[in-house]
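The structure appears below as structure tokens.
Order as written gives the chain letters A, B, C and D; numbering starts at 1 within each chain.
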Amino acid sequence: MAEPPATVTGSEAGEVSTTRMEAFSDGVVAIAATLLVIELKAPAPGEGLGHALREEGPSMAAFAVSFITILIFWVNHHALFATVHHVDRGLLFLNGLLLLAITFISYPTAVLGPALRDGTSAHAAALLYALVLAAAATLFTVLRIYLRARPRLLRPEARPRAATAVRRSLVGPFLYLLTAVVALVSAPAALAVAALVAVFFTLPPRGGKRPANAAPQT
Amino acid sequence: MAEPPATVTGSEAGEVSTTRMEAFSDGVVAIAATLLVIELKAPAPGEGLGHALREEGPSMAAFAVSFITILIFWVNHHALFATVHHVDRGLLFLNGLLLLAITFISYPTAVLGPALRDGTSAHAAALLYALVLAAAATLFTVLRIYLRARPRLLRPEARPRAATAVRRSLVGPFLYLLTAVVALVSAPAALAVAALVAVFFTLPPRGGKRPANAAPQT
Amino acid sequence: MAEPPATVTGSEAGEVSTTRMEAFSDGVVAIAATLLVIELKAPAPGEGLGHALREEGPSMAAFAVSFITILIFWVNHHALFATVHHVDRGLLFLNGLLLLAITFISYPTAVLGPALRDGTSAHAAALLYALVLAAAATLFTVLRIYLRARPRLLRPEARPRAATAVRRSLVGPFLYLLTAVVALVSAPAALAVAALVAVFFTLPPRGGKRPANAAPQT
Amino acid sequence: MAEPPATVTGSEAGEVSTTRMEAFSDGVVAIAATLLVIELKAPAPGEGLGHALREEGPSMAAFAVSFITILIFWVNHHALFATVHHVDRGLLFLNGLLLLAITFISYPTAVLGPALRDGTSAHAAALLYALVLAAAATLFTVLRIYLRARPRLLRPEARPRAATAVRRSLVGPFLYLLTAVVALVSAPAALAVAALVAVFFTLPPRGGKRPANAAPQT
């Protein structure tokens, strides 16, 4: 992994270069997204395919929403670390928690599909799903707050915007907490809202306003 | 991840460098190909190996065809992004859908093996398989159309060939729709056609004509 | 993979560049961490989510501790190879054993969760878990001893510190053997100790003293 | 992925740079090695851990041998592509088959463990295991033969040694066919021989003679 001068850390012990940390995080996020597919169940022997596809429909919808959501987390992760000059142990640990949360998305996704189909605990499953997404989004905000308090970790040009970046990054947790509220009313609607949130984050910024987290790249 | 000057994006917010997007896509595609193998079932306790291998034969054939097909999608993905200078949010989102489709190939592959063995829903399973491959191939075409309409995202030398690239990339969806028609007649024949399509895409271009998608590299 | 001059190996046959070996190791470690999540079981059909989450609680705790532990092994692996100038076959083989141990952590993690819940073999499961972590940590020490005896494999500036690095790297195995002793008394306490060890390793070094393995980066 | 000048392909359509092909192959091989662990079964509810570990012993041995073997395939793959200057479509396709074979090792590994434990089809399972390893090793030889016939794909300094490289690469298939013969006599002995072959390939070259495949690096 070539390390361009700008991102190589200094000689402080226990630090990892931004470049290498991003590459490792990319690996974890790519695997987390791809592993989602193994939760989809092929038809049981003798079961007709049409019936099986209808049964797996909710699981497929949850798979697609989680996959796109994890991809957006990846974009945001990239944008966040594009502002980072230096990785210290605290940032390393917080990033570890963020990767843990992203990896964990697989579990509520696997729970949500069957719950939507059978109705058993559908509200609770959608609530869990929204809360795990909210937790991942909140960890982005926590990372931003950590960086705001330690400007030396940021690239010089990103330092003036650190406070703005924190405020903007609150949009993510807010939207997923809204999704959690919707989950109490309707589980399918909560999944639809999560899908809308994903689409919202891929929209281009309007008039200088940009979606949270994805913004202050340079 | 070192970013050679030519592929580093400008300072627009929310953009991801072509280099990094390719590296991430490579990760997802590599995992999607490798995960296919976990759908192969070891013999049940007490079951003879010869019997188990005969039972898993169709699943192994589907595994091999999907694996090589995903590898070819990877080559085409590489060729496509070799023409890209700049990644915007729309391209990022379309690429996400393409990765979703490639990752999803695992599911119809897992369905096809047992369907070929038992005969239950074999035509429907082969049809599903062909349609998912057609969807992935179509997303390549959609990406090409998106790029044709936004020449600033393309490398200068690739811009004159953008329209040709769209037309050529129609070969993929066409061949997989043909596979879908074959599936209505014979499920094993559809798998064989999909294998032939994969071999076709690995053949060297003849007389300046090149297989769709894989062509306009520079 | 660009190879900066400093890490490209010489012309000896059968050697792998440090850069490439690190990238490959990163891949294995990232996958090992992410695969842990597939051991978490979604509720059985008809089972309430609340009940299922309580049942899976211990498995989730074990998942989180193993995930963070593997991330710390990754950091230590990076710090270790930052001192390596040259990879020979012995180092390649020892690194292979280390990757094997890290990958294997998935198994005792999958065993520990249900054992904590049911009480069946809980002490034995926690002991196995601690011993596998101890084995992985010990392989770090073995790698350091191997390097101390072959200074030509180390970067010049790391050679004077090779003996210190070996001594410091003994902290890891020691802490996990302590965890194993705790396992004989209480299985949940052993998991808690493993979590504390992980947190300990992410703390910044105090007064020039640094956690084992993570220290002598340059 | 930065591409150092020496490995960037020319402007021929449909070619993939050596660098990128290696990075992708590394990803597939790393995943293939790591996925092996998910075949290990945690104890059934209520089953004692000691009993379960004894039951899984053969599976763990097969896991360890396959893991190390795949790591050695990775080293050999690296050594092979260190001699490659240029990747054409044929090499891409043959490399795809090699990756398919390496990924497939997971299946006979999953079959071998239970077969060794129960004795059902143990000889057949060990034979299948040895033949799959032989097939992967043979694909290395096929790649070498392909390259010998197309010296323009090789780096200039590797061309004079192409014929020697083919001969040396026959050691791998030979050793695994020997393993297959041993499998007819004793399944556990075949696994032990496969382990010895792995250790043999990690030994440093003696007196200028080097293990097959891993040799002609520069």
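We take it that a contact is a pair of C-beta atoms (placed from the backbone, for glycine too) under 8 Å apart; a residue touches a chain by one contact, two chains touch by 3 or more.
Here the structure is a predicted model, which means the values were calculated and not measured.
Participant: Report back the single chain whose CA centre is most distant from the CA centre of chain D.
Facilitator: A
Participant: Go ahead and note the Å separation of the Cα centroids belonging to chain B and chain D.
Facilitator: 25
Participant: Measuring from the mean C-alpha position of chain A to the mean C-alpha position of chain D, what distance in angstrom results?
Facilitator: 35
Participant: Return the residues of chain A touching two or more other chains; collapse runs of consecutive numbers into ranges.
Facilitator: 1-3, 23, 27, 31, 35, 38
Participant: Treating touching as the only link between chains, describe the layout with one word: line, ring, star, complete or other.
Facilitator: Here the contact pattern is a ring, one closed loop where every chain has two partners.
Participant: By the document's touch rule, what are all the touching chain pairs in this structure?
Facilitator: In this structure, the chains touch in these pairs: A-B, A-C, B-D, C-D.
Participant: Which residues of chain B touch chain D once you look at their complex with the stated criterion?
Facilitator: 1-4, 19, 22-23, 26-27, 29-31, 33-38, 40, 42-43, 45-50, 52-53, 60, 63-64, 67-68, 71-72, 74-75, 78-79, 202-205, 210-211, 214-218
Participant: Where on chain A does chain C make contact in their complex?
Facilitator: Against chain C, chain A makes touches at 1-3, 11-16, 20, 23-24, 27-28, 31-32, 35, 38-39, 88-90, 92-93, 96-97, 99-100, 103-104, 106-107, 110-111, 114-115, 118, 120-121, 124-125, 128.
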